[in-house]
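A, B and C label the chains in the order they appear, each numbered from 1.
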Amino acid sequence: MAKIGKNVKIGDNTTIYDNVEIGDNTIVCNDCILGEPFNDYYSDMDNYENPPTVIGPNSLIRSHTLIYADNIFGEGLHCGHRATVREKSRFGEHCSIGTLCDIQGYSVFGDYVRMHSNVHIGHFSKIGNYCWIFPYTVFTNDPTPPSEICVGPTVGDYSIVATHCLLLPGVKIGQHCLIGACSMVSKDVPDYQVVVGSPGKVVKDIRSIKDRETGEAHYPWPFRFDRGMPWKGIGYEEWLNQQH
Amino acid sequence: MAKIGKNVKIGDNTTIYDNVEIGDNTIVCNDCILGEPFNDYYSDMDNYENPPTVIGPNSLIRSHTLIYADNIFGEGLHCGHRATVREKSRFGEHCSIGTLCDIQGYSVFGDYVRMHSNVHIGHFSKIGNYCWIFPYTVFTNDPTPPSEICVGPTVGDYSIVATHCLLLPGVKIGQHCLIGACSMVSKDVPDYQVVVGSPGKVVKDIRSIKDRETGEAHYPWPFRFDRGMPWKGIGYEEWLNQQH
Amino acid sequence: MAKIGKNVKIGDNTTIYDNVEIGDNTIVCNDCILGEPFNDYYSDMDNYENPPTVIGPNSLIRSHTLIYADNIFGEGLHCGHRATVREKSRFGEHCSIGTLCDIQGYSVFGDYVRMHSNVHIGHFSKIGNYCWIFPYTVFTNDPTPPSEICVGPTVGDYSIVATHCLLLPGVKIGQHCLIGACSMVSKDVPDYQVVVGSPGKVVKDIRSIKDRETGEAHYPWPFRFDRGMPWKGIGYEEWLNQQH
């Protein structure tokens, strides 16, 4: 049985499997599947028990999205169209998963993780809070394919991975890093570093990137960007102070 | 209310929202959504008014395609499977949008634009007439992500962007250019130039590319290719003369 | 009429067109389309005859997958979600096609070909037995786009093409090769070679790759990996002997 909160809207032709819990005020659009059962369901339907899936309140899940059982999402999830989320990941609050994203599962996401369209996250990835991942970026996990080794990448808080990047298995990216478009990250990246190229190399400190017109620093980005962020209205510095 | 032309065929489980106009002789296959409403629809359904969406006559929209409201397409649109077209773009005649394309919206497309599978077009892109965009190519628009700056790339008439390319925010590609596979375009490209590499560099004039066997020039391509083009049967030169 | 084997399960909202044959014990999940007809069907429905499509026994086809008519699959096909398989390919036994793969058709696949998510295979590709193709890899076929020339790549038995690669038209990759992540293969690759870079260069013999901890050779991979392979339990060497 599913557990549907108050004021939840569910679109046509959406299927919700057993043991799915949907928080209040959530919108699920057309043609979605929530709580997709594991393989055993198809081979032994009579004895299969679907593990719990939790969609937090105030979420918006757009059409054709498919979320497997055994995923837990905090409040304010935003899902684009045709996202695929395989089993056994944990997501913080206010995450966003773009159109055509393919989350392979067994991964951990912090709060306010923003994945744009068509991001591929392999098994055992770890993504911190306030991270941005741009289209066609892939997190890999097998250093010598095919094998039974599986070590996902790690991305620290506030870091940005631009479009068309590839993170090699097990790389660790620090906090407040920027991985430039079309980079292949093959080594660990210390905090505040900018990496470009394939293989990627550290080219500068992110704090040295200035706006060409104003000469002001662009990064760390929370000082100049607040759309959808918890520091909206009060500013990042004030918000940081309030956290302590 | 939707306005459906003569001899239009609409597949099973296809949803057509308010204010969609479909031209004569158009085929819409199974499981499509046309005129998908904006976010406000979900938050305030009673007061929401869907802006107009126009699909020109003689179009073919394949299964699972999703087109948001406030898009205008000229006649002869061809859409592959699972294309996603967000709001507020304008398309000329005889455009083609491949399987899994993700058009983010607020963009302008000329006539006879051919997008192959899995092309991603960010906001505020401008694509001329008779352009070819190949799979996994991405048009980006944010020079310092995340930010509120949004400047899309521009591609001139007859230009070709091959597979797995990335256009950085605001780059301008001239007419009759060829961007080679796996290139990242970071600077403007003058007319008739061939760019390869990451970052991309101009390597030659497109008119110098010869067929290995015949020694004839391959480009400008309209002289030797006419499938689906308006100069079919009469030749590009004669057709050009007729335009004046 | 379709021909459905014994103990076949078919999910909700799945459409099966004329002349599709499904082998015993196969599972087809929700929202799939099998035997999608060619264009002529839409223009002249009365005279259209759908060519045969064969799905072998013991297959699993996950939700939202679309398979055109005139495809033949051997037994044990595994299909992820939202795979698209256009017309006229031939697949051996135990192939696997990942989520969001886009197989353009007119291609030949051996036995035990493993395509991970979001692989794009252009027309006239040839992939041998026991090949692995990783996400966002693209097989191209037009050397001077746009043109009417169409020459697909060839990949030999046991070869591996890692994530985010591009194979240029007509390249031939030998047996037991490894194409590293983010490579663009522009030349033929002899057996047992490792290629990296864009354009890709041969950097070593695959048999020289050792495990850092144990010092043992990782490749040829069949000696140390058997999940889902016909040599499971008996070992690759013994299995090879049995083949003769």
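Note that in this section a contact is a pair of C-beta atoms (placed from the backbone, for glycine too) under 8 Å apart; a residue touches a chain by one contact, two chains touch by 3 or more.
Computed from a predicted model, the values in this text were never measured in an experiment.
Engineer: Determine the shape of the graph in which chains are vertices and touching pairs are edges (line, ring, star, complete, other).
Structural biologist: Topology of the interface graph: complete, with all chain pairs in contact.
Engineer: How big is the rotation, 0 to 180°, that puts the C-alpha atoms of subunit A on those of subunit B, in steps of 5?
Structural biologist: 120
Engineer: Between subunit A and subunit C, what is the gap in Å from one C-alpha centre to the other?
Structural biologist: Whole-Å distance between the two chain centres: 28.
Engineer: By the touch rule stated above, which residues of subunit A touch at least two different other chains?
Structural biologist: Only 13, 31, 64, 82, 100, 118, 136, 164, 198 qualify.
Engineer: So in the complex, which bits of subunit A are touching subunit C?
Structural biologist: Residue list for subunit A touching subunit C: 13, 15, 31, 33, 36, 39, 42, 64, 66, 82, 84, 100, 102, 104, 118, 120, 136, 138, 140, 144-148, 164, 166, 168, 184, 198.
Engineer: Hey, which residues of subunit A end up touching subunit B in the complex?
Structural biologist: 9, 12-13, 27, 29-31, 60, 63-64, 81-82, 99-100, 114, 117-118, 132, 134-136, 160, 162-164, 181-182, 197-198, 209, 211, 218-219, 221, 224-225, 227
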